[in-house]
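The following pair of complexes shares a single chain, chain A, combined with chain B in the former and chain C in the latter.
Showing the complex of A and B:
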């Protein structure tokens, strides 16, 4: 058996360490949205334990469970046995893809990135009417969601950089392809090479991105090591903005949704709050926040593969916003703002936007 | 009328972007046509903008998304959005189940009903258009 599933074997100890206590169930967004125990972290670990014991085959029948995980890591944050579930899920998916079994939406992502420079197979990127490929102190990397799905959020981020008189340039960016690592495939070296060459050609010292996932990819993935080796400082936009005196003030009751990729995966919790609280002192936390934040349901390829369940997960998060009495929900991730906006019911009167959108509204009003 | 397995009721107007329009008094009801809903697959999200939204002919009215596609709904006329099908908020699949009935999307008021003249109507025109669309997508697919 040891050679049958080499990706999973690396995690045999951890999979066996799951004591089936079920602490993860209370935090798992997939369970919360579906109420199906087979879909929470414990259920997934039980399946994989049987796979490693040889009593269950790693085949198409397990796609529904193992590919339906947002890799949000809330289970891991609350696991007394220290099981790194997202890493195990990624390994299981790679194993399954290697065996020729995969959710079609995920294999579709891999195929799209063989043919297109973006994850949505779109032909025409929004122009944003900014310099691309210039020389500047800062490169701003938009990411696919900001480029093709949440253009207003990107426009606000760029307007804010303009307002702050930041010396920045865009590049002719391509998908960082980091998400492929989550869904059973691998980063495309050709895409990484294009991004690296174009970023470094600007002569910038700092790479800023509004996308938490791109930030994670650039900061941590081996394929993007040349950016780090070149001495580039890589930050998320929320870090770039933290500590700046924006001279703005809002009396609105505001709350904040921690994106999993920024919070649990990168430990960035306080920088966004620093900016928001300085502007909106009437700030409230949601019932679950910081490392306990409830996932919006969009990550790990779930928004594409299981859209209805993904929206159901977002609605659970939005119920917390309603309970908080907040008038505005802010977040720092285009994927989160996309899913939360899509899921918001018309009866829910609070607004959903990115922090830069909120700041730009205040700037335009002042 | 049925055209190669797709249902296109005779009395409706059709926008080339695959939305149908029905005249009800001085109001218009619109939705996605049968060809589009079948091509899109299960609809998972329909944007329902606020009533009162000003509409410009050919400009984005809303977004609609299926598991494999995200599209824009373009307004067929200049005018105003006066109602949305709130049932689609939690049951967007109604578009797949009954695209000309329970799956209607928006109710509009046009500045001038004469703008409908730019849309397709009548068996011959609709059939020629749909058959061309089927052939186009077959060659692309």
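Showing the complex of A and C:
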């Protein structure tokens, strides 16, 4: 008999291995904000187990659970049985999309990238008044959020590269489309090809990006293997900056939010802290940090599809910032900055910015 | 459940706190046990008054109510065995008061154990039971199961810290038990009756807990024994030595072998390993106690004794113990984690008996547990999809219970009866005790609306 759910079948063992202990609730942003077990990893595994056993149909009724996951992987880092939940969620979404079942916000993302070069369906990219497609040692890849939503953060990142006299160029970049893999679709080969050609054409040896998701996509996805095969060193901006003596100092009380794509997904926890602590010795950790960091609620397509819960997740993270007494919350992800800034209440007096924004302010003050 | 009933429930809690969606019914059908049964609806209450209204409605319209916290129970306590309504209290998550002078914390039932711990830490206080699921479990669930943990030998279990409760009884009336005072002999101890009552008598909506100042120093030691008898005698020796370690854990041969097969820890595959921790308010106090523990380890032929010189070394020594459940959970598709408890002098006999049962019933059982309070966790690992093997597992479970009772122990030290052990209640409790328990159930919950099907009470 042909397998009914080939994408899910690949994970049958893992789905069955979930022992239902519930430890995945500890730092699950969706569960934390709703206290609804159906939205937690254990609930999702129970649903999929019944799907594989044939007692449940993989249909629209399951969308609210299976599409409401930021794929932040906190469940996996708390799982005694080693279940790779984000991989299973991605497979389930692909399976559902194949069956014609999908949240409209998710299929919208796929359609947008059929028509546009960026995830926001914008026509005019900000040009940041920098060289594009030149020859340089380093290519700096901005990413859609930095290009169209958090332009100030990008401006600061580029100013910082200028300040450090880095020999870099921008390219006429298009969306890396990596996020489509998380929301039930696939990377667009045409977009990947454009990025690869334009990056390699610069002759650069290093590809730096300020976007943790683009970093993940370039360093892990098959579609971007040509970049790695060309011997290009791929780093996130925080890695590129780590260990540099910037000669800066701030007495502000500063804390750091680990972006899921950088931390749990790529294991990059210390490089950002190295830079921040060298400049701001009055550094404090949030109540949950490193592999236990609470997700900002933006990932996995959740911000678009479930905006209210996404903001509630960001507010829980911001409450931890408030409790820490920090004056500045730094992070290394434009998407996190975007969601956290949108969710911040007026009464919350701390500032939210990227590390390069913080550093550029200090440079300008000095 | 009739549509009108659902409408009345929605009217009690509001649209956002009621669901009969498929995704909720499926996920509320189980907890951390192997049991499974779908409810007809789920509700999140946010006040005692709402809980009361829901229970009154259950009595009027005759539907079962099964209370749930974090759903981390291992015996099916929060599985809605008879359908009806799952009442989730996790949104009642406020810490209402912390009073260091009075040594009390007043909490709602949905407060997560770790959240209370974090709130007490700045005061230098803690709530000691420390169950294995402390990061996620709720205090209401701790009360309902009388939860324990690794520190039971020295600090006892939840029951030792509950001073008072607010309870909605099965007939819909609200009752307060106990008070905020450190001692009280006023009337029957109703508080204790409700601690560990598994949601069959009433629904706890507020808890007054006693809290302890947190010891600031500790010492950690690991010892390995070639012979199980020696390890058992070492446990008895430690517990009789005049000091009480804060932790005294044992890992059996099968467990050590399983850990070695699945990690890089390279443990010696001996009969038993003991992990001890002592604590105190000064390092000298912790060290003094540890010297007594180590004396006992050496006196009973420990092959090797490793004492941690730093927090990092202590964490190394803890690694084997902490890897037990995850490692064992990964070996076979299914597992049953028991929690039989015996007098401390019988720990070695119990461990030997477990090995004999495993051989006799041809099942794989790895044992570890809290030797310091005689609470052992034989973890049976198997494939639930294999009917033959499942039958042998069932027989082994029966034998484990019989052995624990024969040694003067109990079916369950900390996980509760629920569904898993309901069939064995009469094995442990005599007919008079069973009759009294059923009478108490009848008085508190005359229409049997609260968590029916559990603890063998609804005969």
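By our rule, the second predicted complex is superposed on the first by the 364 of 366 C-alpha atoms of A that agree within 3 Å, B and C clash if a C-alpha of one lies under 4 Å from a C-alpha of the other, contacts with A are read in each partner's own complex, and residues count from 1 in each chain.
The rule is short, and it goes like this: contacts are C-beta pairs under 8 Å (C-beta built on N, C-alpha and C of every residue); 3 or more make two chains touch, one makes a residue touch a chain.
Please read these numbers as outputs of a predicted model, since none were measured by experiment.
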Thinking of the overlay built on chain A, is A:35 touched by chain B (first), by chain C (second), by both, or by neither?
second
Please indicate which partner A:248 is in contact with in the superposed arrangement: first for chain B, second for chain C, both, or neither.
neither
In the superposed arrangement, does A:61 touch chain B (first), chain C (second), both or neither?
second
For the overlaid complexes, name the partner, chain B or chain C, with more touching residues on chain A.
C
According to the stated criteria, A:25 is in contact with first (chain B), second (chain C), both, or neither; which is it?
second
If we overlay the two complexes on their shared chain A, which of chain B and chain C does A:78 touch? Say first, second, both or neither.
second
Identify the partner contact of A:346: answer first if only chain B is touched, second if only chain C is, both if each is, neither if none is.
first
Is A:17 touching anything from chain B or chain C once the two structures are fitted on A? First, second, both or neither.
second
Regarding the shared-chain residue A:105, is it in contact with chain B (first), chain C (second), both, or neither?
first
In the superposed arrangement, which partner chain does A:149 touch: chain B (first), chain C (second), both, or neither?
first
Complex contacts: residues of chain A adjacent to chain C:
13, 16-17, 19-23, 25-26, 35-38, 40, 42-43, 46-47, 50, 56, 61-62, 64-65, 78, 80-82, 287
In the complex, chain B touches chain A at residues 44-45, 47-48, 65, 67-68, 70, 86, 89-90
In the complex formed with chain A, which residues of chain C make contact?
21-24, 26-33, 44, 70-72, 88, 90-91, 93, 110, 114, 118, 133, 135-136, 325-326, 329-330, 333, 335
Would you pull the chain A residues touching chain B in the complex into a rising list?
105, 108, 120, 149, 304-305, 307-308, 311, 342, 345-346
